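Okay, so subunit A shows up in both of these, paired with subunit B first and subunit C after.
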Partner chain A sequence: MANPVPSACCVVLAVVVVVYAQRHSQQDSHIQYERVGADVTMKCGSMDWDAAVTWTANGTDIDDSHLNGSYLILKKVDLTQSGQYSCYEGSSWHLKYQTYLRVGVPPKEPVLMCRSNNYPKGFYCSWHLPSPTYIPNSFNISVIHGTREMVCEKDIFPKNRCHIRYLQLFSTVKYKVTLTVTNALGKNSTTLTFDEFAIVKPDPPESVVAKPVPNNPRRLEVSWQNPSSWPDPESFPLKFFLRYRPLILDQWQHVELSDGTSHTITDAYAGKEYIIQVAAKDNDIGTWSDWSVAVHATPWTEEPKQLTTEVQITGETLTQHKHPALRGPGYG
Partner chain B sequence: MDFRAGDSWGIFAFLCAALCNLPTVPALNGTEELGAGQSIQKTYDLTRYLEHQLRTLAGTYLNYLGPPFNEPDFNPPRLARAERVPSATVDLDLWRGLTDNARLAANYRAYSRLLKYLRGLDGQVGTVELRHRLGHFCSSLQGLVLSIAGVMSSLGYPLPPPDPRPSGTPAAPNDFLKKMDDFWLLKELQTWLWRSAKDFNRLKKKVPPAVVTLRIEARGL
Partner chain C sequence: MAAADTPSATLRHHDLCSRGIRLARKMRSDVTDLLDIYVERQGLDASISVAAVDGVPAAAAERWAEQTGTQRLLDNLAAYRAFRTLLAQMLEEQREQLGDADAELGPALAAVLLQVSAFAYHLEELLELESRGAPAEEGSEPPALPRLSLFEQKLRGLGVLRELAQWAVRSVRDLRQLAKHGPGSGMALGLPESQ
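And now, the complex of A and B:
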């Protein structure tokens, strides 16, 4: 049988170490959250009011005028006063208390948006705060459909986004999404209520390509693809909206296309560079997507022919010079 | 050896004969095939037209019912009572897996019943304008029911039997619940019209080859 005395000593030693560490760490890990404009009073741990202490802010000594006995008074704090505050016993310079002050504001009403870009699979919601709070916030989202509470799975990226899969399609009951944002100084929330059909908005079309058509100075051939996030274009077809204009004009021309992923523009101005964009929408429900990335194209123009000019040199015979035309103004 | 070779030649000859006959088969029934496809397109167009009409009708009717029914965020719980109206809501995989027959039959049954209830509304509503709109909508909705019936018969599907339940519904115990019934009727109608657009989209893509196969099978080739 092992000797119990050395093991008992180990246990006692371990307990002493833990208690000592805890007492010391209590001084280090303290965080304090305060509102902008508030008056803050910090006590130097367990020291008496009339003890002689020195306070520092981020290592810099604080003037005695801010002290009331051993308490530190900060009036109407602002964001610049966030930092580490430490309190040292007067003569021994022992660290008696330490806290990290974070000055911030309670959250304003958050901005919430929900959208189905992958109908009929489901939808996602994303949110943000209209202005910063300067302190950590936590978000909680709840989705209620009739009597059922659904789980919105948080996305890893981007943050502040979650997604839900539809269990049923063609629902008559609205979805109610509530987002609550909480921090150490307060909380706020916002709610969205919507029908399944109202939030359908595809992503813009992809791989938009515009090409000139050989021997056709007024045509441009445009083609694109369904957005890759749209899962089932066969059963849920998309329709498209094309807009185009020459760079030199402000007015767009529009074409709506109920099927197909290509279109030929036949009224382009010859020789002018065009800017072209496409948007998508479910054939029957929801709203138009954002415009696709813009593509540029210029209709086909004829190769400039070789020009011949006659140059008369005084007193001598006519000479013919051939100039390749339209090289540029600097051509001599 | 010889037997097998002869057999394959026989099959080959048979296939040739069948293939030669194929062009004539669709041609003979060409109008019917085109008929089904065109009917489906017409039915699809009708659902879109009705959905558009319903927006105006529902707006007027809900205003007539008054608050809270005409508030955009009004989101009441579904009472058991409201289940008398056929629901468009369906599990996604189930909806995808519906046969053409089942898909059409569901639409036919739904609109037949919705039409009955809408007609029941007719005599009770307040303004002349509202009665006029309702009447017009009911006529269009009847057109939709007939159109669906046309598609079903051109594809050889039997029409679902008429609903044995009485057309009159148990009277609502009070005025508020009566209005709730009306609210859900309009909601369900709106949802069905959204769903039908998707149903007929699927049918548009699937039907023509099925028609050709049906005809060949019928001829025992």
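And now, the complex of A and C:
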């Protein structure tokens, strides 16, 4: 004879499943998106207008003053009213309807930027919304070059960026990039049109180092590296712009360097700490990078000798000779 | 004709490439200035789009990184020979339209035409060094232009100059690739990762 215990368990389990399914089939559960400031009316599923019901918001009973019959009326909703709304049949407390209200706004025109920091491999476009919508948005980007539609491969991270590989170089035909943002309350879009050269902007130079030059109180040796994102600096060389100033002054001095990744500053003020930055640009096209991370350096200074005061007594005259290091301002 | 792989040929190759790069960069700078003058004198909007014009060599290249050195030189030479003819025609049209009243555009066009001719000659020298020799120019007469309205002529001229500006940049890149790989290299000169 079969063991009756497992059979009984199965029966109980089946009943629980059926009851659960019945209960959840009696109500609609979904997400509802509404604009800030809108008036929202929620019906309690298939219940009649005059049915006795109770509404809750995030588990808290809603006052009858918000009801019109069995309908829930929310006037000029605001962001704080987002949440789960549930409707229960009066006496049985059966859940008849449930919705998740998301209050938000349609998207404003997105901000789109495209740039090539790895020329001539390709370029990327990135975007963001100028203000939040408070509800989910989806973005669609199209890139057209002449009559050809190009694929913009979305980055996994960050999510608001995609990149395009150049299929042609040196084209006079402009690229047209259109970004459309859509949410449940509306859509908006923006378009950028540009030519291949205009968006070329390398990343800043890397590993900027500034060192004093021994025995040279007015020199600083600066070196840096090409940005690692620039794929072929030998074929597509960069030029550089170096700026430097003593910390105590506001005015920068500038030097443009057409080749090489080092430079010696020869007119530094002795003993003053300097701040130095470098920017990069393709030799022929595009725009300057942002400034590199700033580095600080102070030119070499002579070690102060041991401080002594020599006193000579000559006749009846007492002559005091001060060591040069102890002399006042104006020295060196 | 010097063999492509002798030390003197290598030096000459490097010298020709360097000078060619300087010529191309100067040409690009002057074409950019010429474009400003042209747009202003012709009463055009600088942002106007011009469709591809028949007979104007397009600088756009697919698989540019995979081109051989010889192919680069041949493409450049064909382009600049075409531009030489196109600019001469533009100069002629310019003189007909504005005559002596134009003290700026005509001379600027003529100066760029001179540079284009010089650059074409420079490319021929490079090809000689590659032991290839420059191909003969096709025909002695320029191709007959279709009859265009005055406005169409102006747009065509704009298209010519814009494409020439692109070619000048491309030529700098092409010559750099050539310089990198030395003379007599008919092998593909690719980037570390293909474009």
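We take it that the second predicted complex is superposed on the first by the 280 of 332 C-alpha atoms of A that agree within 3 Å, B and C clash if a C-alpha of one lies under 4 Å from a C-alpha of the other, contacts with A are read in each partner's own complex, and residues count from 1 in each chain.
The criterion applied here is as follows: a contact is a pair of C-beta atoms (placed from the backbone, for glycine too) under 8 Å apart; a residue touches a chain by one contact, two chains touch by 3 or more.
Bear in mind the structure is a predicted one, so any value in this text is a computation, not a measurement.
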Label the relationship between subunit B and subunit C on subunit A in the superposed model as either fit or clash.
clash
Counting only touches as set out at the top, which of subunit B and subunit C does A:T147 meet: first, second, both, neither?
first
Touching partner for A:P246 - first (subunit B), second (subunit C), both, neither
neither
Would you sort A:D284 into first (subunit B), second (subunit C), both or neither based on which partner it touches?
both
Counting only touches as set out at the top, which of subunit B and subunit C does A:P231 meet: first, second, both, neither?
second
First (subunit B), second (subunit C), both or neither: which does A:G186 touch?
neither
By the touch definition at the top of the document, which applies to A:P120: first (subunit B), second (subunit C), both, or neither?
both
Could you say whether A:K176 touches subunit B, subunit C, both of them, or neither, answering first, second, both or neither?
first
Please write out, lowest number first, the residues of subunit A touched by both subunit B and subunit C across the two complexes.
120, 166-174, 197, 234-237, 283-285
Considering the complex alone, what residue numbers of subunit B touch subunit A?
48, 51, 73, 75, 77-78, 87-92, 95-96, 184, 187-188, 190-192, 194-195, 197-198, 201-202, 205
Over in the complex, which subunit A residues touch subunit B? Could you list them?
120, 146-147, 166-174, 176, 193, 197, 234-237, 283-285
Can you tell me which positions in subunit C touch subunit A when the two form their complex?
25, 28, 49, 58-62, 64-65, 162-163, 166-167, 169-170, 172-173, 176-177, 180, 191-193, 195
Residue numbers on subunit A that touch subunit C, as the complex places them
120-121, 165-174, 197, 231-232, 234-237, 283-285
